[in-house]
Amino acid sequence: MDDNTGPSRRPTLGDRRKERIDALATAGTVVDEPGKSLLRSAWERLRRDPVFLVGAAITLVFVVLAIISPWIAPWDVTANPLIDKVRPQSNPVPGPEPGHLLGADDRGRDLFSRLLVGSRQTLVVGVFATLLGLLGGITLGALAGAIGGFVDTVVMRIVDVMLSFPALLLAFTIASLAREPSQWTLIIAIATTQVPIFARLLRGSMLAQRSSDHVLAARSLGVRPRAIVFRHMLPNAMGPVIVQATLSLATAIIEAAALSFLGLGNPDQRQPEWGQMLGLAQRYISEAPHLAFYPAGCIIVVALGFTLMGESLREALDPKSRR
Amino acid sequence: ADSERSDDGGGEGGGGDGTFVFGAAGAPEMFDPFYATDGETFRVTRQMFEGLVGIEPGTAEVVPELATEWTPNDDGTEWTFTLRDDVTFHDGEAFNAEAVCYNFERMFDQNEAGQTAGEYWGYVMGAFSNDAENSLYQGCEATGEFEATVSISGPTSGFPTMLSLESLSMQSPKALEEGDANGIAAEGEGFSFPAYANAPVGTGPFTFGEYDEANGTISLARNDDYWGDAAQTSELVFRVIPDESTRRQELEAGSINGYDLPNPVDWAGLEEDGNSVEVRDPFNILYLGLNGEGNPALKDLNVRKALYHTLNRDQLVSTQLPEGAAVATQFMPDTVSGYNTELEPYAYDPEEAKRLLAEAGAEDLTLNFAYPTEVSRPYMPDPEKIYEALRTDLEAVGITVNVKTASWNGGYLDNVTAGKYDAYILGWTGDYDSPFNFVGTFFGNLKENDFGTEAYPWGKQLADDLKAADAVVDDAERGAAFETINQQIMDEYLPGLPISHSPPALVVGPGVEGVVPSPLTAEEFDSVSVGGE
Amino acid sequence: MTQTSDAPDVLVEVTDLEVYFPIKSGIIFDRTVGHVRAVDGVDLSIRRGETYGLVGESGCGKSTLGKAILNLEPPTAGSVVFDGTDIASLKGEDLRHARKRFQMVFQDPMSSLDPRQTVESLLLEGLRAHGLDTDTDATRARLRELMSDVGLPVAALSKYPHEFSGGQRQRIGIARALSVGPDLIVADEPVSALDVSIQAQVINLLQDLQDKLGLTYLVVAHDLAVVRHISDRIGVMYLGALVEESGGAELYDVPLHPYTRALMSAVPVPDPQVEDTREQILLTGDLPSPANPPSGCRFHTRCPWKQETLCDTERPQLRVVEVSGASDSHRVACHFAEKIASGEIQRHEVEATITTPGFGGPDAGPTAPPEAYIGV
Amino acid sequence: MTQATQHSSRPGAGSSEPLLSVRDLRVTFQRQGEEEFHAVDGVSFDVRPGQTVGLVGESGCGKSVTSLAIMGLLPGRGNRVSGSAIFDGEDLLTLSPSAMRDRRGSEIAMIFQDPLSSLNPVISIGRQVTEVMERHQGLSRKQATPKAADLLERVGIPDPKARLLNYPHQLSGGMRQRALIAMALACNPRLLIADEPTTALDVTIQAQILALLKELVVDTGTALVMITHDLGVVAGLCDEVNVLYGGKVVERGGRHGLFRDPRHPYTVGLLNSIPRLDAARGDKLSPVPGSVADNLPWTAACAFAPRCSNAIDPCTAETPQWEGDQVVGFRCFNPMGGTR
Amino acid sequence: MLRFVVRRILQMCLVAFVLSMLIFVWLRSLPGGPVSAILGERQTPARRAALEAALGLDQPLHVQYLRFLERASQGKFGVSTKVLPGEDALQVFLDRLPATVELSLLALFLAIALGIPLGYMAARRHGSAVDTGAVIFSLVGVAVPVFFLAFLLKYFFAVEWNLLPVSGRQTTGLDATRVTGMFVLDGILTREWDASWDAFKHLILPAVALASIPFAVIFRITRASVLDVLDEDYVRTAEAKGLTARVVRGRHVLRNAMLPVVTTIGLQVGGLLAGAVLTESVFSYRGIGDALATAFREKDYAVLQVLILMGAVIFVLVNLLVDIAYALIDPRIRTR
């Protein structure tokens, strides 16, 4: 251990040094601090982020309402208790009265109950559309990202074309293709608009994963290709997709509202849905704008909740923005 | 450029200088009414063209217009029209019997494309020159300078009332000739129209100005050489404003003087703001169509009656339809001759309905019941609302309703025609005052009707009865025949369930006078004057 | 020095290895318009139990060569005979099974570990892939052994990579490579991402492991001092090809290639006295683009000993030269190596030329906006 | 303050007045929901005209933060800076932002580590050079352009006129770093701070850049603060070396003295960690064990104690004080060599 | 660069061809069709069949498509059935184009003029109340249905305060010379200032409504992009050079931050076309969107085909322009 070949003298270290090296090398204490997991530190940040908290609160209230609304709604949404008060000219939409907080709609159905229960359809459409979109996007993106080459080119060309269509127009096209509109047409239409976004996102991060060292390492270990895709690439590539999904929920809700506003939603309009309520309100916009105001407000607030949550989630998870 | 607002024209009465701006819901297709099919086009051409016969303002009654009188021969196959002698076309051409016959021959003698495009002629006359023996129209002869004789293949209630149809208006032979009016051609998926289609020449109180396509305005100018009373405004402008609430806002902002089909909801508000809502007499029928082919249970008359009893039509009419709407007792409104005043509406009686259903063994009836979207018709301003009400009633007696829907042009009509729905809502607005135009349209054609009457034992009988009644020359006799048929239809056949008649309205702003609402939505604006603010 | 015996027992024989990356471009469909010659005709052999060091400037193809040897980057041409089998021509399952014998250690200890796997599952993965985990107890024992080999506590098995420091992560990476019991380990810049003190720890570890397990190393690095420290033999790469190869000490004592000389003289030594007296051969300009390499000797554009003839026309091959101090395992690819060594040819100034980095890749479109907003 | 040292002769250290005098510089980061973190913990050093001062240390020891704090370029929120940095009689830390802007680029210039990301990709090299002159020398763009070409020539960029029109991506790493240096030199600054200017470069290029910097210091008398983790670079370039650990200077000396007779165990450890080109193969290196993560807080101990082979009891109980002066010294209870 | 443009144009042709086929098949596979639109309640199987035969719709799909191609090769894209019956669909498109161009340009201008500064401000004050407020505001822009926004705009600005016209493109009776079809421009060209002003007043409300979504998108991209750039090393270099805040902001931050924004603006053109459908309808604004809405409702195949196809072509062209503009700002692409 001497450095006689070196041109300069260096002090030799005492015996304690060897001990220490050995001790440290074998003990090799596992450190906790430096690389605190991204998720955990993200959570730490989120917990204190007022923007996130507001978003989460809105979302939570909305989800809870959507789940329990049928039980807490004061009226059956399909019943029309105030029908006899409706007069197309003199009283098109009965105003508030005891028992009917916000009055009724144009067929005497309790408006408040419908708004409340409307959250349910909205949530169902938003969630299912996003889930379906995720499913499709993940499949396509994973195919393109995992196989690459020709498959990638073909899939991405399709995705690019889909992306270049304005989302609403695309959804509209899909929805109008259905012979009979239903809630599922709506969901599928919106999911379709989400597919290319998720696909591109996933494919991008899959590609990044593909050329990453840890995948190369797995490959050099001789891990089977399928295991590489499912154990290494996909899980690591999912982060941005998940964040996007949160944001997509907001878009899905807005799009669903727009489509059912255009009459492409559930043909059974007895079950309330905010977009469809907005659509109905259009006829009364001059005389009873509140009919449009409530559902529009609900849509905005809920979309806001998801967006705020998604945005702050994205910022929290993005190492770049952790300044 | 001159940016004067349109509403400040003076209202000095006859021959005033004002401009009347009317908000139309859609753009006209073209200006040759012969090839046109839609109300927005007719609204414009109506101001420029006249027919041999006209309609008394405010009613559906036929009155003399370019012909002062007409007489049929005994079997009603030859009609002699005495024409006005003081009429010239806008281009200065004289209006006379030759011009009339020229017009008939022009309409009759269509090329292949013209036969399809000349929708209304085909509809009322049945055929064109290439299939002359099947045509109602058989010929026209100028029997004098101002006397023309039109022969038809057989008597019908529709003749000569049908000549009041906008499509069958009189147009200037010279202009027709020069503009190659019949030079229509099929091209691609549409028809290309000759130059004449955009340079119409008629005899009416207004002459064609210009169609500013880019701005969506059609302007007509007063015809100062009009044979009748000159129009009250010097200019008549139609502005295309597709959105309903925008039309209202335009009216409120004073930039238009009136518009068609105000939302019933707005009527009260509009009146409050000093506008006047002119409600037309209903000339339409909304019915619930039934299809026994698709759902055999419906073949049972009792089941159909039961369905009828479930419908709370009084409530529907009072809560969902505009004021002035009425519960229908038969397949035509009371303004039409042949209307049977004796008929009573089927009562709202769920108990009776249940009993009848039970009797027929159809307690757990399931209906594929459809309504159209993306449409608003005079007889159903909002189909979904009406549907919802009907559905609620049906479900109340334990009928299972499968909700079906499609957009009006996006398959609804096709599915109705193809019998894909067990039940559907649809209706009809009369073209002219003729019972056959209602019931004949519905059941007169045995092979092709939406009710599938061919499958019923009485179907052929009904069709024959209708034809026979239609061929009766005498008005009173014919009316009686139709009354009988109406009663049979409602009591014995009940192929569908007539629901209601709705009054469409139009609204004009303050200071506008002289609008006479027409049940046929055939308002003529020459009598309209525009006052100051 | 742990030089092997006279009859060299060759573990890896690389012949004429080429790795070209196509440059794609086209109007509607992309076609290949050229190649990046990342590795452009390399011959080398690695003996069993030795450490072969590969140095060169960034972008000269070291990593690509390392990966190509392991068939992680399919070679365009040439063969890599590993213990009698040509790895370069292996495919699919055969290749996968063969991987048990040769492993890789990466530069960046963080990115080469899957952040979502515990150390245990990272290590198990290799065992599983090769059916080595049949017996649970044996597997557990094996994991313990691995951990102690690389100097980590057993408790670390249940942790995730982010919970370790850089040096510890590199140890995990090494353990992973060791897990399947390979003969050859290719280490691509195993220490360049680490701080000096950690770097030294890892270097020591690598040496210990070699002694203990009889491993053969191919160490890729741009730091000549590191390579020199751990290698028995060193290959110097320039623009896709070896320009010189010899034993470590000999390379330092008798550098024959002008590039090696320049490289050697550029390495700063942490000793002011040496620094003050050191003669530096400053190269001008940068490494030319491998997509468009210079003709003849690849180094002629920057060579202070460049001659009027031969250098820019003929590509020199690796050869053994007759120079005092150079053994017969010392090969160099320079036309004038002897004359330079003897001082017959003198150094001169070189006019710097600008090297444009990159190579005409496909038409890259504009940067896409953040994906998240596309849906709006 | 005396100038004489027993170890080093200082070429170019003619002036006795320090140009920059950093005293007790502290930078504390406070991020939402996290504990305060002292990235720089009382650093003091002097820089004289024509002198090259090195700051060395492992990653995270606070080198960059020190330089950014002096330049007033620390990211806006969440940090606290105290102490002083007297430049030419003024405390840079208390200067108004606009006064600081006037100094930056003209009197004090800085070169960063990554030449690609430190150059604006969408602005031509020429423009990026001239804008400094426009800003500080009141030149028009026309007037500045020939000067910019001269500058590029001076930092060894061939065909400078043509290069002015190039964009960063069209240059190689070495050329980019030269361009960055040209920008820094544009207004003949009196102090140049180079934060790891060669770390991203190859050795051959590094040699070129180091030679260039050396030449500049000699030619212009500019003072240079050289930040690096490479002791080799320091050995070749610096007159004075500061070894940083955990945000504190743990040892300072002239380069000859420091390399010959390092006192702090950390310095020794660093030196022993480096494989040397001129050493034989096979010798085990003797690195500092453990990693920075093992640090103790300076407030109650020597941060290095857990990794220190020389640690004695006080090391984990007290903060070691600075032994020495502004020229040489160390911070250790149990230094190596023990001649002192 | 030229190669890039050629490449994109060829790609566009290919896309247009494929798209034309897709649209063709798509339209015809939709239920309903022009026949029911023309016949309405008078539809019977016989009349349907007759009309279908006359329009050639009874032919097998591939025959129809071949016919379409044949006509298209002669520059005829079919005749409108409902939007402007008898007119060639391409002419309908050309007639309607200026209106939409005028409207979209103003909307885009508004969206940019508001979105970029606001996005920049929000990024500079990242996390502050201003930032959050701006994010919420932009979200409202996305979530409020156009018809509702349009109603409010019309109600207040036109009806209540009588500041602007309710709908349409120009006051009726105003006798303006038409040159390009863009009324504001026409007024300027012919020096009919009042016509120009009048047309401009008609543009404001629809443009504001149309701008609501692109504004939100541009705002959010700008914000994200500025946040990214502020973190870049070269901004720090610029600061180290002592450049004034204004220069740092304009030359170094904004210019780089604009790159993704420019792309976004290109993508927004597609959105504008889609948005125009609703906006033009509620403002009775006779543009492409209005034609598209009518054509869809009335199943005017020829017009639908041409409008969608041309919309795609415009979209691709605009994005080509954007890419060129992009290359002009970004030397990394220009000098390739």
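Just so it is clear, A, B, C, D and E label the chains in written order, and each chain counts residues from 1 on its own.
Keep in mind that, in the parts below, contacts are C-beta pairs under 8 Å (C-beta built on N, C-alpha and C of every residue); 3 or more make two chains touch, one makes a residue touch a chain.
In UniProt terms, the chains line up like this: A, E = ABC transporter permease; C = ATP-binding cassette domain-containing protein; D = ABC transporter ATP-binding protein.
Because the structure is a prediction, the values reported are computed rather than measured.
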(request) Report the pair of chains linked by the most C-beta pairs in contact. (result) B-E
(message) Quick check for the class: compute each chain's Cα centroid; which one is farthest from the centroid of chain B?
(response) D
(request) Let me have the rounded angstrom distance from the C-alpha centre of chain A over to the C-alpha centre of chain B, please. (result) 51
(message) Based only on mean CA positions, could you tell me how far chain A sits from chain E in angstrom?
(response) 27
(request) Could you tell me the distance, in whole angstrom, between the mean C-alpha positions of chain B and chain E? (result) 38
(message) What's the distance between the Cα centroids of chain A and chain D, rounded to whole Å?
(response) 46
(message) Two-or-more-chain contact residues of chain E, please, as numbers and ranges.
(response) 30-31, 142, 151, 259, 267, 330
(message) Where in chain D do residues touch two or more of the other chains?
(response) 169-170, 259, 271-272, 276, 278-280, 283-284, 286-287, 289, 291, 293
(request) Give me the residues of chain C that touch two or more other chains. (result) 165, 168, 201, 271, 273-274, 374, 376
(request) Write out the stretch or stretches of chain E touching chain B in their complex. (result) 30-34, 36-48, 50-51, 54-57, 67-68, 71, 76-86, 88, 95, 98-99, 151, 154-155, 158-159, 162, 165-178, 181, 183, 187, 192, 194-195, 198, 281-284, 286, 290, 293-294, 297-302
(message) Which residues of chain B touch chain A once you look at their complex with the stated criterion?
(response) 244-245, 248-249, 263-269, 315, 318-323, 373-374, 382, 384-385, 388-389, 392, 403-407, 410-411
(request) Note which residues of chain E are touching chain D in the complex, please. (result) 232-234, 236-245, 247, 251-252, 255-256, 259, 329-332, 335
(message) For a test of understanding, state which residues of chain A touch chain E in their complex under the given definition.
(response) 51, 161, 164-166, 168-169, 173, 176-177, 179, 250, 254, 257-258, 261, 278, 282, 285, 289, 292, 296, 299-300, 303-304, 307-308, 311, 320-321, 323
(message) Taking the touch rule as given, give the residues of chain C at its contact with chain A in the complex, in rising order.
(response) 67, 70, 72, 96-100, 102-104, 106-108, 110-117, 125-126, 129-130, 148, 151-153, 155-156, 159-165, 168, 171, 173, 176, 179-180, 201, 271, 273-274, 371-372, 374-376
